[in-house]
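My structure is below; once you've seen it, I'll send some questions.
Chain nomenclature is as follows: A, B and C, assigned in order of appearance, with residue numbering initiated at 1 for each chain independently.
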Amino acid sequence: MRNKPRIVAALILLLSLHAAILLAKFVTPYDPAVQNRDFPFAPPTRIHFVDSRGHVHLRPFVYQWKARPDTFNEYDEARDKSYPVRFFIQGPEHKLAGLLRSHVHLFGVEDPAQIFLAGTDAYGRDQFSRILYGGQVSLAAGLLATVISLFLGLVVGCISGFYGRWIDDSAMRLVELFLVLPWLYFLLAVRSFLPLHISPTQTFFLLVTVIGTIGWARPARLVRGIVLSAKSRNYVIASRGFGASDYYMLRRHVLPHTYGILLTQAALLVPQYVVAEVTLSFLGLGLSEPAPSWGNLLANLQQYNVLVSYWWMFAPALALVIVSLGYLQMANAVQELQSGSI
Amino acid sequence: MKTEEAAQRARTPAHIRAVGLSKSYVQRAPFSHKKFAIDALLDVQLEVSPATLTALVGESGSGKSTLARCLAMLEKPDCGEIWFEGKEISRSGSWELAWLRPKIQMIHQDSAGALNPRFTAAQVIAEPLEIQRRESGPKLRSRVCELMEEVGLPANWADRRPLELSGGQRQRLAIARAIALKPAFLILDESLSGLDLSTQAQILNLLLDLQKAHSLTYLLISHDLSLVEQVADFVAVMHQGRMVEHGAGQDIFGSPRHAHTRELLGSVRLVESAFRAAQAGGQQ
Amino acid sequence: MNYLERRVIHGVLLLAGVSVLCFAFGVMAPGDFFDEMKLNPQISPATVAALRSQYGIDQPLPLRYGRWVESVLRGEWGYSFAYNCPVRSLLMVRAGNTLLLTTLATLLAWLIALPLGVWTANRRGRWDDRLGLAGTTLLLSVPELVIALVLLYLAVRTHALPAGGMVSVGFGGLGKQAQLIDLASHLVIPAATLVLASLPLLVRHIRASVLEVLQAPFVQAARAHGIGGARLLFRYVLPAAANPLSSLLGLSIGGLLSGSLLVEVITGWPGMGPLLLEASLARDVHVVIGAVMASTFFMIAGSMVADVLLVVLDPRVRLGST
C-alpha cells in the first residue's frame, strides 16, 4: 500500500499515547490533585544539557523555579543548584492498574526541585500529570460512547435491513430525525434535562450515554445498507433453504460484511466523541473540578488573564489534536484497505 | 427415456404438485408512492413424478424462477396449493418447515454468488449439516469428505475458498451442499447455464448419477432447449406467468400444441440451423 | 403534489419529530426549573407548588406538549421561566445573530473551498495537491474549540481585533459606516473560526467529486474535442459535480450550526449559543427546546436551499409531479 509508513506512524503514535494515558500513574511524576501553592502558573520547567559554566552533560538537568520578588506568577530559574532528571525514580506510592503497589515513576527529579513538563495551573498542580489523567476520562468517554453508538447502530441497522417493511420504514424515519438534529444543540438540550449536581461517576456515565445515544443514526444507516445488499445474496437465500434461523443467517453471512464499516466508523467517531466530551466539560456541563478532563483543563482559558498570559495552558489542546490526528489517519487507512480489498 | 416408461411414471402419484398457484408482486414506481402489481404466477398447475427430470422452460420473466422459489418455500404463493409427498405444504408453519426444508433443495445458477466467499469448501458443505444439527465434530468432517468425493472434488481441497475454484468446481461444491441433507426433490435453477459445454456435460452426468444413486426428483429450469430435449422426461412451458403446456418430452418437442411453444422451439431451431450453417461455412 | 411542497411537508414533519424527541427527553429527566427554589428556605413549598401548577409543570407529558404546541401556534414558542416572557421574543434577536454569523461563514467557506478543491483536483498528485491534502488533514484534526481559542489568543496578543462580543461600547453613538466597520471587526474571529473548521472537509469533498467527474468518459471526450479551460470547467465539470456538492452544502450548514454554538460562547457572540447554554444551566426548558427547534429549522431550510440550487444547476434533476 502507498501510505504504509504513514499508517504505521499513526498507529505507533496512537498506541504510545494510549499506553501513556492508561499507565498515567506510572508515567506521571505527580498526583494530579496535589497543589503547590508556591508555584501558581509556573511555566514549563526548562530541560538543560549545558550548565552555566558551559559544560555539556549527557544526563539532562533542571533548575528549580523561584518566584521573582514582589511579583505574582513570575519566575526565574534558581541557577545555584542543578537537579538531574532521573528515570525510574522513587516517588509517591500508587497502584498500577489497581493492583500493583509501586513507588516507581517513569521520570522525575529529586526534592526539593520539581519538574513541570507542561507548567502548572492556578493551584500549582502539575499540568502534565493532569493532562494524562484527564486523558483517561476523555478517552474513556470517547471510546465508551463509540461502543454505545456502534452497538445501537448495529442492532437497528441489522433489524431494519433484515426485516424490512414497516420496521425499516419507521427506523429510517427515526434515523433521518437524528441526522437532521444539530448534534451539539441537542446534546446541550439533553444534558440540560439531566440533573446538574450529581457525583462525577454518575456524570461521566450520563454524559457517555447521552453522547453515544445521539450518534447512532449514521452507523445504523450504513449497516442497514450493507445488510440489505447482503441479504439478497444467493448464499443467504440458500442458507434459508437449509432451514437456517434468522439469527444464524445474520451471524454467519450478514454480520461479517459489516465489520469494515464498523471499524471505519469507530475510527471516525472516537475523536468526534472525545471532542464532544471536551466541549461539554469546557462549557461546564460535563465533569467538574477537581476531576481532570481535557475539557475542564481547557476551561481555564475562558479566563481572560489566563488566555493572555499563560500559553502553556494550551497544552491539553495539543493532546486533543494528536488524538484526532491519529484516529483520522486510522480511519483513512481502514477505508483505503477496504476499497482495496473489494 | 422410452415412451412407455414415461407414461408409466406419469400414472404413479406425483411427488410434488402445484395446484392453481398465483403470486403477484407489489411494486412502487420510482419517485412516487403509486403502487402497481405484477403477476408473476397466474393459476399455475404443475405435476412432477418421483425420480424423473422435469424441465421448466420459458423466456426470462415468464415466472419460472418465482415458481421455483415457491416450490422451495422461499416465498409464499398468494393462493393455490402445493402438495409434497401427499401433504399440502404451502401454508406450513416453522415447525413443519423444519422437517420439510431438508427434503426440498435448490441449486442456483450463479455458483459464485450462491457460495459465501468467506467460507472454505468444507465450511460451505458443512453449513446445512450444522444448521440441521445432523452431525458434529469428527463425524461432520468425515461426512463432508464423503460428500466432496461423491461430487468429484478432491478431499484435500477442503480449505480452498469458492473464488479459488473454477465455475464447474463451484457448481460441484453447490451440489455437494444441496445433497448433504439427503433431499428427495432438487430444483436446478439454471444450474447448467454459464458453463462451457464440456463442463456442462460433466455436471449433467454427475447430476444423473446422483439421481440414480439417491432416486432424486429433479426440476430443471433452463433456457437451453437442446439440453432439455436431451435429458427431460417431462417438459413444462411457461409464458407470462401461465403454464401453457405440460407433458412428456417427446410430445412437446415432437408436436407442440401451444403457439408459444412452437415459437420458442422455432426460434431455437432457427438459431441452431444458422449456427450449423455458419460452422459449415467456417470449415470450408 | 409537487417536489417543493413535498419537501416543505417533510421538513415540517421532521420539526414536529424533533419537538417530540425534545419533550420526551425533557420529561424522562428527573428534576425541573423549580427544584433549585425548593432548596431556598425563603420560598415556601406551597409557593413552589403553586408556581409549578401555574406553569403546568405538574401535568402529564401529552398535556404539556399540547400546551406547548398551542403556544407555538400562537407564535409564542413557549414561556421562559427565567426571563418571564415568551420564548419567541428572546429567540428572534439571537437567532438573527446566529444566522448572520453562519450565513457569512458558509458563504466565505464555500468561496474559499470551491477554487481550492477544483485547483487541487486539477493538480492531482503534484506538490500543491499534496500540500493541500496535508493541510486539510492537519486542520481536520484541530477541533473548533481549539481554533477559536488560538484565534482569540492571537487577537488579544496583537490587539488587532476585539476579543469578544458583537459591538463595542458606545456603538450607538457611531455613524453608519463606523457601525458597520465595528460590527465587521467583531465578526472576524468567530467567522474565521467557523471557516477554518469547515474548510478541510469541504475542500476534500469538492476535490473528490471534481476528480470523479474529470475521469468520466464524457469529460475525456470533451477534452479530445479540444474543449478546455474555463469552458470545460463551467459547462461540463461543475454541473456534473453539483449533485454531490449540494448535499454537502446541507451537511456543511449543519456542521457550521453546531460549531457556531461553541464559537459564540467562546467569543461572546450574542447568538443562540450563549442563550442555550444559560437556559441549559437554568433548566429553562422551553428556551432550550426553542433553540433546538430554531437550529433544526435552519438546517432543514439550508438543505432545502441546497436542493433548489441543485435544480437550478443540474438539468438532470427533473421536477415532475411523479
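The working rule: contacts are C-beta pairs under 8 Å (C-beta built on N, C-alpha and C of every residue); 3 or more make two chains touch, one makes a residue touch a chain.
Because the structure is a prediction, the values reported are computed rather than measured.
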{"item": "Most extensive contact between chains (C-beta pair count)", "value": "A-C"}
{"item": "Most remote chain, CA-based centroid, reference being chain C", "value": "B"}
{"item": "Centre distance in Å when chain A and chain C are each reduced to the mean of their C-alpha atoms", "value": "26"}
{"item": "Euclidean distance of C-alpha centroids - chain B vs chain C, Å", "value": "58"}
{"item": "Chain A, residues touching no fewer than two other chains", "value": "none"}
{"item": "Chain A partner contacts - residues on chain C that touch it in the complex", "value": "14, 17-18, 21-22, 25-26, 28-31, 137-138, 140-143, 145-146, 149-150, 152-153, 156-157, 163, 254, 257-259, 261-262, 265-266, 272, 276-277, 279-281, 283, 285, 288-289, 291-292, 295-296, 298-300, 303"}
{"item": "Contact footprint of chain C on chain A as seen in their complex", "value": "173, 176-177, 180-186, 188-196, 271, 275, 278-279, 282-285, 298, 301-302, 304, 307-308, 311, 314, 317, 320-322, 324-325, 328-329"}
{"item": "Footprint of chain B on chain A - complex, ascending", "value": "233-235, 237-245, 248, 252-253, 256"}
{"item": "Chain A-touching residues of chain B, taken from the complex the two chains share", "value": "72, 74, 97-98, 101-102, 104-106, 108, 110, 113-116, 118, 127-128, 131-132, 177, 181"}
